[in-house]
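In the two assemblies presented below, chain A is common to both, partnered first by chain B and then by chain C.
The block that comes next holds the complex of A and B.
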């Protein structure tokens, strides 16, 4: 087994990148990786196939890795496969050279995670750090407290699951350590670019589904849900999904806002800008208020207390967050422009 | 783990946490003494079985009562796995604050 420091993390993509970079000598925290990539986001998603719209609080899966490479000018070796056997052989050959390999998987097949925490999600990331025997891989999964074992069969199924974000055997690793030698100026510029991009996405993208506009669109849409729900249970389920998106799906709590607060605190020191530390406190308290929304929807969903007034209350709460975030990101942009 | 990091939470703290859980979840027909210290609160618990909504209720209640911030739900899940794990976390946080 490769000597690999296993750590839990808030989010699988940023956590896996953090562990891999740290292993290869580039010491960056998970929040710093998240912040540099400009991954804090809001998008309202409604397609004709969906009964209820959904939202996400981060940029799309894979974008943290892509933007991190671009802003820090670092390079991962990335590969996709058509055949599970070839994917497995490639992975094994890298492990034999003591190279830890990050792979994209369907989380459902991660047998070591308790069943009540598992769901089909094709954009989960883990790091493979060795083999225990012919049919068992050793896995560092930042959603689990210790290094785990996973059978080859489960890993094959997970790497070649179908549907949205199908992994197609995707793996990445570091084979050029020189590309990880970044200087302080590159880091500073990357932080500034990451902040600017996030602030731009949240307040200035002229698309009504994105950023604070997307929040308000989502809030308005909730009032139509009783008409499209086939029964109270379906409505309750849709309302409780808001809680899952805010707190449960690897957000680090408060819809990624707590992680962003930690990033700003670190950025404040690196850029020598004390104002960013104050901004960190502000987004932390905004995160707390997103968490209040999470608890509110969880309570009303569970109690089936889903009358018009409750939904109006929910809409109002989301509107308030959108106003707070509009002010926050405008202020943040002005601090780094 | 070094010996310095081992903090054994008191029985009183565990009882306080059991009462807090019942209060946060508005459960009135369970005696706090009946909740096992080491059983998972989510699976195969003979007295109470919680879901993710309850977990968030407990996180918020712990934050309010002990002035701690459990930012990360992934880590939070393991903190609130059992009465013992919650008590260990709170005892550690209290020790840090001293």
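The block that comes next holds the complex of A and C.
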């Protein structure tokens, strides 16, 4: 097994990137990686093939890695494969050279997760750090406190699952340590670009389902959910999933807002801009109010207290967050432009 | 969020939150999952309700096992179609016992892979009549054959 420091992280993509970079000598925190990539976001997604619409509070899977490379001018070696055997042989040969490899997987096939958490999601990231025996890989999954084991059969299925965000055996690793040498100026520029992009996405994209406009669209849509739901249990489940998306699906709490606050605190020191530290406090407190929504949906979901008035209350709470975030990101944009 | 408010005592499901520490700095905190600690019972009850409803419909010949697993894992026909590698209309056809009877064995094996169960579980559900029974549907190298192990749990 490779000597690899396994650490839990809030989010699988930023956490995996953080662990790989740290392992190769570039000491960046998870919030810094998240912030530089401009990953804080809001998108409301509703398609005819969905039972309930969903929302997400981060940019598209894979974009954290892509934007981080672009802004820090660093390079990962990235590969996709057509056949599981080809992918497995490549992975094994890298492990033999003591290179930890990040892979994209369908979370459903991670044998070590509790059965109640099993759900198909093709854009989960883990790091493979060795093999225990012929058929078992050792996995550093930043959602779990310790190194886990995964059968090669499950790993093959997870790397070649089909449907949205199909991994196609995608893996990435660092093969050139020199590419990780970044100077202070590049870091400062990357932070500014990341903040600008995030603020732009949240307030200035003229598409109704993105950013603060997306929040309002989502809030309005919730009122239609009782008509879509198969029964009260299904409505309760969909409402309670709002809590999971905000707090427990790798957000670090408050829909990534707490992680973003931590990034702004760090950025304030690096850029020597005390105003960003004040902004950190503001987004931390907005995150607290997103958490109030989380606790509210969990409570009304469990009590099956899902009448029109309750859903209107929920809509109002989301509208308030959208106003707060509109002010916040406008102010943040003006600080770095 | 203040560190003190974020702490949840639930070892079984841990996660990482970013919090305001007592000294005013911001940083990570490993803690228990609030939802799992306080609402897992409700989630499991909902699943149980789906199972009960679907098993009745399965027995009455109203639905096929595809619907049972689809509802259990909260999936859509569209997603299943993409994962199995067949058309959505074919998945819809397989949702009735009549349509399911026309599915190829290889298609049913692919469904089983997507639902994370053995091929035999696409034709039967094992229901233990006693408590503390461990059921392990062990896969073999042969994708069309599994071994069902049933044993008493040694944990009281």
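Definition applied: the second predicted complex is superposed on the first by the 335 of 337 C-alpha atoms of A that agree within 3 Å, B and C clash if a C-alpha of one lies under 4 Å from a C-alpha of the other, contacts with A are read in each partner's own complex, and residues count from 1 in each chain.
Just so we're on the same page, contacts are C-beta pairs under 8 Å (C-beta built on N, C-alpha and C of every residue); 3 or more make two chains touch, one makes a residue touch a chain.
Quick caveat, the model's predicted, so the values are computed rather than measured.
**Student:** Just from the overlay, do chain B and chain C fit on chain A, or is there a clash?
**Tutor:** clash
**Student:** Please tell me which partner, chain B or chain C, touches more residues of chain A.
**Tutor:** Between chain B and chain C, the winner on chain A residue contacts is C.
**Student:** Looking at the overlay, what does A:259 touch: chain B (first), chain C (second), both, or neither?
**Tutor:** Touch partners of A:259: chain B and chain C.
**Student:** So, does A:298 touch the first partner chain B, the second partner chain C, both, or neither?
**Tutor:** Both: A:298 reaches chain B and chain C.
**Student:** Could you tell me if A:49 is touching chain B, chain C, both of them or neither one (first, second, both, neither)?
**Tutor:** It touches chain C, and chain B stays clear.
**Student:** Chain A residues touched by both chain B and chain C?
**Tutor:** Of chain A, residues 8-10, 114, 116-117, 142-143, 145, 240, 243-244, 247-248, 252-254, 258-259, 262, 287, 291, 298, 301-302 contact chain B in one complex and chain C in the other.
**Student:** Where on chain B does chain A make contact in their complex?
**Tutor:** 42-43, 52-53, 56-57, 60, 69-78
**Student:** What residues of chain C sit close enough to touch chain A in their complex?
**Tutor:** For chain C paired with chain A, touching residues are 1, 6, 12-20, 25-28, 30, 33-36, 38-40, 42-44, 46-47, 49-50, 73-79, 82-85, 113-114, 116, 139.
**Student:** What does chain A use to touch chain B in their complex?
**Tutor:** Of all residues in chain A, those touching chain B are 8-10, 114, 116-117, 142-143, 145, 240, 243-244, 247-248, 250-254, 258-259, 262, 287, 291, 294-295, 298-299, 301-302.
**Student:** Could you please specify the touching residues of chain A with respect to chain C in the complex?
**Tutor:** Those in contact with chain C are residues 8-10, 30-31, 49-51, 108-109, 114, 116-120, 142-145, 153, 157, 161-164, 233, 236-237, 240, 243-244, 247-248, 252-254, 258-259, 261-262, 265, 280, 284, 287-288, 291, 298, 301-302.
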